[in-house]
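By letter and in written order, the chains are A, B, C and D; residue numbering begins at 1 in each of them.
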Amino acid sequence: MSTEANITPAQIAEHGLTDEEYQTILSVMGRQPNLTELGIFSVMWSEHCSYKSSKFWLKTLPTEAPWVICGPGENAGVVDIGEGKAAIFKMESHNHPSFIEPYQGAATGVGGILRDVFTMGARPIANMNALRFGAPEDAKTRHLVSGVVAGVGGYGNCVGVPTVGGEVNFDPAYNGNILVNAMTVGLADADRIFYSAAAGIGNSVVYVGSKTGRDGIHGATMASTEFDDTTEEKRPTVQVGDPFTEKLLIEACLELMATDTIVAIQDMGAAGLTCSSVEMADKGGVGFDLDIDKVPQRELGMTPYEVMLSESQERMLIVLRPGTEAQAEAIFDKWQLDFAVVGHVTDTGRFTGRLDGEVVFDIPVRPLVEESPEYERPWTQAEAPASLGPVTAPMAHIPALQALLSGPDLSSRRWVWEQYDHTVMADTVRKPGGDAAIVRIHGSNRGLAIATDCTPRYCRAEPHAGGAQAVAEVWRNITAVGARPLAVTDCLNFGNPERPEIMGEFVGCIKGMGEACRALDFPVVSGNVSLYNETHGKAILPTPAIGGIGILDELETHADLALRREGDSLILIGATEGHLGQSIYLRQLLGRSEGPAPKVDLTVERRNGDFVRGLIAGGQIDTCHDLSDGGLLVAAAEMAMAGDIGLALMGDDDAGFWFGEDQARYLIALPKTGADSVLQQAKDAGVPARVIGSSGGETLTLEGGTPISLTELRRGHEAWLPDYMQNG
Amino acid sequence: MKASVIVFPGSNCDRDVQVALADAIGGTPDAVDMVWHGDREMAKTDLIVLPGGFSYGDYLRSGAMSARSPVMREVIAQAEQGVAVLGICNGFQILTEAGLLPGALLRNSDLKFVCRDVHIRVENSQTPFTNAYEAGQTLRIPVAHHDGQYFVEADELAGMRDQDQIAFRYCTGDDDREANHTANPNGSIDDIAGVFNKRKTVLGLMPHPERAADATHGGTDGRAMLSSLVSALA
Amino acid sequence: MKARVHISLKNGVLDPQGKAIGLTLGNLGFEGVGEVRQGKLIELDLDEADAAAARKSVEAMCEKLLANTVIENYTIELDDN
Amino acid sequence: MKARVHISLKNGVLDPQGKAIGLTLGNLGFEGVGEVRQGKLIELDLDEADAAAARKSVEAMCEKLLANTVIENYTIELDDN
C-alpha cells in the first residue's frame, strides 16, 4: 500500500472523530490509517451510521410480536399481514440537507427511504411525510415550506408512489433546524424478502443505478453536527435527486428480484458505497474486495476517498449468485441503468479496495463495525412542570374554535397534500385529511391503515409522557378508521446528546415509547435517529416521530371522520377531565406553554380503543374521529366540516371540557336508534361514553350559544395555509 | 377487442389503466397487452393507451422524449389507419409532442403540482370515447399533474371549436364544497381538459378516468369512458 | 467542441414561469421590471470538430428533440476553442 | 434595456435532465455527444438605462431569486440597443 503522510490531529477533528476514537482506530488497524481509511472509519463511526449515542437506549424498545418477520437491523421492518403478504416500512430523517436546500434535501430524503424499502423486495405503495418548521413569522419559514413540500412531491409524484398522509407543525424551536421525516410503506410476498447479509466466497459484488459523483461527501458527518455560521460553506455537498432514475431502479430491482439471482442486496444510503459494503460483509461474516476503478463514475479524477464516501443517490449494491451476472446485466441494460461488477466476496474478513490493482485501503470488517464507539451518555431528567392553575377563557368557545381552526396549528393541510399525488396506483381508499390513510392491498379486499404522529410540546414538558403519547396517538389514529394496529417505525429527532438535559429528553421519550409499545402490542420494527438538531446551542423540541401501520381485514368495514347523516347521535368515548396543560388552546389563545402534558394511561387507551374498533368491525358505526390537538370541539368541527353536516352540541360550559387534550378519547356518530345500545355496551366494557350532540343543519351550535355556519368555519380553516404561503 | 398500453420509462399509471381496462373488457389484466416503448413493432390492436406518469422524469419537456420512442412510429402509423388512441395525462403530453394532437401542455399556471378531484363537462358525446355520456354531463374525476395547462394559438383554437375537437372542459360541480378551488386547476386556455384530433379517433385528456373506475378508490365517473370504448371497438 | 442551445418560448405563447418570476421580483421590491421570459439553456459536448457539421447536427437535435417548434424558438452558439 | 441571465448547475452537481437528454439523443442515433447539461435562460425587460446600474440590479435578482446559488451559477448579459 502506498505510504502517505501522517494523519494530523486537524484531520482527525475534521472527520468528527475524538482522540479516543482515533486511538481505537490505531489499535484496530495495528498501524496508522491512510486518509481513505480514516474517511471510512469516520463515516462508519459517525452518529448517523453507528448510533453511538442512542444504541444503548434503542435496545430497550420492544421489537417482537408473532407477526413481526424482521425487526430493526435490516434496511426496513417487515410485518406479516396475512394471506402470504408482508408490509415493509421505515421512516427516516433528512433534516440538515433540507434546511440547506429544501427542495433537493426533501426530495433525496424521499428517495432514500424508498430505497430502504424496495431493497427488501417490496413494491413501495405509500409515502408519508412528517414536517416541522419554524414559526410562521420567521423570515425563512415560507421558503422552507414551499421548497420542502415541492421536493417531497417532486420526488414521490415522479416515482409514482402515492403520498397519503403526514403532519405539519410550526414552532419557533425549529427556526434554525427544520425536520423532514419521510416514511415509505411497501408490499411484498412474505416468502420473498431480501436481506443484506453477503455470502458465497467469490461471488460478484455488483453496483447498479446511477454513476458516482462527488455528491454529499461528508454528508453523513454533516448530518451529525450542529449548525453554525459556516454551514453556508458546506453547501456544495448537497445531493440532487433523480426520481426518474429511481423509478427505473425500482422496476429493474423488482424485475431482478423475480428471478433467482440475488444473494444479498442493499441500497447505498448515508456513507454510500462504504456503509453498504461494510454492512453486507459484516452481516455475512465475510470480506469484500472492491475494484475502485470499476465503480461507474460521473466525474473525472475521483480519488478512492471520494468514491468510497460519495453519497450520490439512486444506487444499489448486490451480491449475485455465481453465473447470473449476464442475466442481471440484461435487466439493468433494458432500464438503461449502470451495471458493473465492482468486486467480490472474500473469506479474508477484510474490507479492501484497489486502484489499478494496488490496495488503497484494507480494514478488518468485524472491528470496523463492532469496535465502533458506544456511549452511555450522562443524562438528567428535567423537573416536572408545575401544575396549571385555573384558566380563564379569553373569549367565548365558538370564537375560540374559529381562531384555532384558522391558525397555524390546526388549519387544513390541503395546500400541502394537493401537491402530492395521493391517488396514483389506484388503491388509495382514504386520502389525506382523515385520521389514518387507508391503502388497499392491491387486488384484494383488505387494506393497510397508515398514520404518523408526535406532539413535541408534550415531549418537551414531560419526555416520558410525550414519548408514550406519540405511540398512543398513532395507535389511536389507526384504530379510529377501524384497523388493527400492527407495528411502528420511528424517527427520533433530538438536539445535542452530549448535553445531559437533551440526553434526558431522549431517554425519557424512549422509555415512554417503549412502555406504550409494550402495552399496546405495537412493536418497533425499524427507525432512525437524528441528533444534533441545534443551531447556536438551541435545540429543537424533542420530536420522536412515530409512523404506524395497521390492517383492515375488510375494506368496506372502516370508519371515516366525515359525518354521513343528519340525525346521528354524537357520542364521546373516554373520560374528559379538561386537561389544558400544554394544549393548543393555551398556547395559541393565551400564549402560554405551561403545565404538565396530558396523562397517558395505557390500560385505558387500549380498553377504549379496542371498544371503538369493535364497534367499527361489528358494523355498528362508520363515523369516528380520535381526539388530539385542540380537543373535543375541534374534533367535532372537523367531523362537521368534512361531512358538510352541522352539529348541535351540549356539554359543560368550560374551556377545559371543550378544548382540553385528555387522551384515549374518540368521537363516534351513529343513527339515534343505535345510541342506547352503544352506551350500554360501553358501560358493560367499563368505557366512559356520553352523548354530546346530534348532527343536522348547516351550522355548529353549542347549547345556548350563537351558531356558526360551516361555510364560515371552513373558510378560515382552508384559507390559513394558502394565504400564508401566498403573502410572501 | 384488443387493447394495448404503452409502457415508457417512468410511466406510472400503466398498471392502473391496465386494471381498469381489463375490468371494462371483462377479463383479467392479461387481457390488455403491455407494450415496451423500445419495441419497433406492435401487433395491430383496436385501442392504444398512452398512460400517465413521468416518462423520462418530465425532463426537458413533459412527453418530449417519449414522443420520440421507437414504438411511437408504430403508434402514429396505426393512428393514421384510424386505430383509437387514448392519452391520459402524461399520455396527452406525449400525443401533443408527437403531433397527433394540436397544442401543447405547459406548466400549471400556479406552478404547483395539483392532485385533486375536478369536474369536467362532456362537450362532445358523439365519439367512441364519449358515447356513453350525455353531452353537457358533468363528471367528477381526479387530476394529478404539474404540466396540465393546455395552450394553443387563437386561430387554431377557433378551428378546433368548429370541428368539435374540444372533448372536455373544466367546470364547477354542484357537489364541490371544498374551499379555495377554482374550476380550472391549471389555467388551461378555454378551460380545456381534453381534446380530440379532427377525426375523433385520438383523445388526450389531463384527468385520469382510470382513477375514477372503482367506487372504493375514486368514484366511477371515468369508467364509462373505458367501457364505451370497449363496446364501440368490440 | 461545445454547443450552447438557447430555447425560448415563441411570442404569444404563455409563460407561466416567467410571469411568476416577474410577480415575485415585484414583491421583492425590484422596480422597473417589464416582461420576464424563462427559457432553456442546453450545453452539449460534441466530438465533432468541424463547425459546419456540428451546427448541422445540433440543428437536427433541436428539430427532433430539444425544442418543440410549435411553441419554441432556438438559437445555436458554437464554441470551438 | 434587456438582460439575459444564464443559469447553469455548478460543476459536479448531478443534472438529471441533462443526463436523460444525453441518453435520448443517443437513443435517437446522434453520435459523439458527450456530457449534456440543462440550464435556464431568463430574459428580462428593464426600465433602467444605465448598464452598470442594470447589472447591479440583475445581480441582486439572481442572488435573491433567479438562481439557487447553493447548486447553480449564473452569468448576466446586457443588451442595450
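Note that in this section a residue touches a chain if its C-beta (ideal position, glycine included) is under 8 Å from a C-beta of that chain, and two chains touch if they have at least 3 such contacts.
Given the structure is predicted, the values throughout are model-derived calculations rather than measurements.
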| item | value |
| --- | --- |
| Selected pair, greater C-beta contact count between B-D and A-D | A-D |
| Centre-to-centre distance between subunit D and subunit C (centres being mean Cα positions), rounded to whole Å | 9 |
| CA centroid of subunit A to CA centroid of subunit B, Å | 35 |
| Distance between chain centroids, defined by C-alpha means - subunit B, subunit D (Å) | 34 |
| Shared-contact residues (touching 2 or more other chains) in subunit B | 56-57, 59-60, 65, 68 |
| Residue list for subunit C, restricted to those that touch at least two other chains | 40, 64-66 |
| Junction residues of subunit A, two or more chains touched | 242-245, 336 |
| Which chain pairs touch, all of them | A-B, A-D, B-C, B-D, C-D |
| Subunit C-facing residues of subunit D, complex | 6-8, 18, 21, 24-25, 28, 30-48, 57, 60-61, 64-66 |
| Interfacial residue positions of subunit D with respect to subunit B in the complex | 16-17, 20-21, 24, 27-28, 38 |
| Subunit D-touching residues of subunit B, taken from the complex the two chains share | 56-57, 59-60, 65, 68-70 |
| Touching residues (chain side subunit A, partner subunit B) in the complex | 150, 153-154, 157-160, 242-245, 247-248, 334-336, 412, 414, 417-429, 440, 555-556, 644, 714-715, 717-719, 722 |
| Partner subunit D, residues of subunit A touching it in the complex | 100-101, 104, 210, 213-215, 235-236, 238-245, 298-299, 312-313, 336 |
